[in-house]
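Read through the structures below before going on.
Each of the two complexes below includes chain A, the first together with chain B, the second together with chain C.
Now for the complex of A and B:
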């Protein structure tokens, strides 16, 4: 299928450290054959303007070789918007393969990776995307507080928090999950949201998707247990919503809860979180500014 | 969590068979959980487990060689609930 990767821009790992890297590079070359534009990480590092046109028009797919995630880091450093991402080591792991230490691609590994790319995997979520419920429409009032030069908001009611600064907004047996204003401010500009699979069963404190900002990477740690019934497609397209409106439109995941009464024991309500956050920010300021 | 932090068993464990002391995890974590030990064989140790945020696993993602592991989350959750019940006494 020539041309099926047209409109995609690929930023692969440089691929000279170990096998996974060389595989990332080979995959990128393969996708280029199918019409994708390639971004050379080394040249891009030196001269980002060289790729201005490609990056301005296409969807960016980043291919990392290993967990070090150099390609992702590079994309973040340069403030690029990442539309999709692959990690060769993780893909191999799922296939029960351990990548080699030498920077030589095993052709068998490569063909399996490419098969995984062409197969369902990539876009499958589309059809499965259930419609989020219309339950979460009530107006949310906010408490605000200043600590040093920082200004924070916390909802007044209806939200439950864990100590990982993630919230669950609860309506009946449904909850929407997201991250607090504190996360948004300390992580700075969000550039990537990777949602969990719809249908995934979450235990309390499981990962419910991951986020990346220009400064850091973090998981959304689910305050509640239950099943993922919807993900926020808008947030996938515009992770910066978290910076603009962390508590309402930037919900990440909707969950049909399994045991809210049980989960609740280990959560803070709005009032408790407000107190917790004030104390946390006060301590941080103290450490930072003495 | 209603339980003193030091009673909760949650922090990363470094597998020294895998760790290459790249220090990515320490660079990443803002909570001073790790400590560097210049000139020692174990150049990085988990010096302050109590500073680790319960249920956070973020540093593991930065570790290339997959050298960081965490306790079982379910067990930790159950243990916290148990301690809370014991502390709360029997309420009927």
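Now for the complex of A and C:
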């Protein structure tokens, strides 16, 4: 999101043993705050395709904590083109610092390492497109209905739904996207939200991130076309928000819409979705319980 | 008590505040609560199939701590030759303590620190139980 590390991809070591390892990880996280993309070494080893896009577009900086050089070995094993390589143990040694044996980073050591890389970056002026808009603050009234033992909520206005039970809350040219109360009740406890990249162009019905619950995995199917301008970081850290408040605080993605009038033709407004959902739940109950 | 060590292995936790809670709880257990019985092991060594690390996993008790549903720590321990004796996700603790949300990866904040304390105390208790079973 910010300045000078944009365009860099950082592959740090796992950073667990001793201070040098944790410093390697924390350097990587600081660089990520400046806009670098991060590659988790463990996930990358298991699922290299997960990082195909990042590794295909940025310069790769590998940061090892200790002499074992796990990150470098991993990069070599996977045939990655390395643009730069750092070894924290060696950097500390050159600075005359003896790294601690405990896996606890000394903030002063971290500052000096970052300074050696050129210091914390100046933030670039951010376009209004890369932050949430500040819209979507109006109170949302809900319709409620009960079918069998299930109790569902659907907003009364301002939302548009597709048949995948995903919603778009529309204000002006912006929309926030999320999943409905029906999804959260069907999927049970949400445990993981993987957002799309900011800047990603979405066609209507493209994936706008993925969710994992204790019962299933599912994609958020975008009701609208447009460009992703913000993702809900709070939801990344607390996916269970979807279970608590699926229509308001658990928005997943904010989009600058491309053609809402066109997309609208394939969507249901709140009233239509309420009728659709009632019928869907009634049929499901009938199939399940006779 | 058994002579075996207990290796507490958290996931890498790149980019998730919940995973930072798992790592911090691991440090608290191995550094402060059970320094003589518990140790940690770098997960990357297992993924790179380091023989010494795999041997430690095979010959000792293992606790896997994951910060998300991908379960990288548990799965890599399993790939090293055995299922962990204890496996937890930070989310399981968060569900029980919903007011203690970690704030950010680099600083989990006040709520996150309280969750680290709760998690590490519970983990330490489970580890002691595990060692006592071997008596």
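Descriptive notes on the structure:
Here is the rule we go by: the second predicted complex is superposed on the first by the 161 of 290 C-alpha atoms of A that agree within 3 Å, B and C clash if a C-alpha of one lies under 4 Å from a C-alpha of the other, contacts with A are read in each partner's own complex, and residues count from 1 in each chain.
Going forward, contacts are C-beta pairs under 8 Å (C-beta built on N, C-alpha and C of every residue); 3 or more make two chains touch, one makes a residue touch a chain.
On a predicted model such as this, the values are computed, not experimentally measured, just so you know.
Judged by the touch definition given at the top, the superposed model places A:42 against chain C, while chain B stays out of reach.
Within the superposed three-chain model, A:219 lies in touch with chain B and out of touch with chain C [touch as defined at top].
In the superposed model, A:245 lies in contact with neither chain B nor chain C.
Of the two partner chains placed by superposition, only chain B is touched by A:164; chain C is not. When the two structures are aligned on the shared chain, A:103 is found in touch with chain C, with no touch to chain B. Of the two partners chain B and chain C, more residues of chain A are touched by C. Using the contact criterion defined above for the overlaid structures, shared-chain residue A:266 touches chain B, although it does not reach chain C.
Touch criterion met: A:189 reaches chain C, while chain B stays clear of it. By the touch criterion stated above, A:68 is placed in contact with chain B and with chain C alike. Applying the stated contact rule after C-alpha superposition, one finds that A:34 touches neither chain B nor chain C. Counting contacts by the rule stated earlier, residues 68 of chain A appear in both its interface with chain B and its interface with chain C. For chain B in complex with chain A, the touching residues are 1-2, 24, 28, 53-58, 61-64, 66, 73-74, 77, 80-81, 84. Within the complex, the chain C residues that touch chain A are 10-18, 23, 27, 31, 40-45, 47-48, 50, 68-70, 72-73, 75-76, 89, 91, 94-95, 98, 101-103, 105-106. Residues of chain A that touch chain B in their complex: 66-68, 162-164, 203-207, 216-219, 221, 265-266. Within the complex, the chain A residues that touch chain C are 12-17, 21, 25-26, 28-30, 32-33, 38-43, 45-46, 68, 70-71, 73-74, 77, 102-104, 189, 191-192, 212, 236-238, 240.
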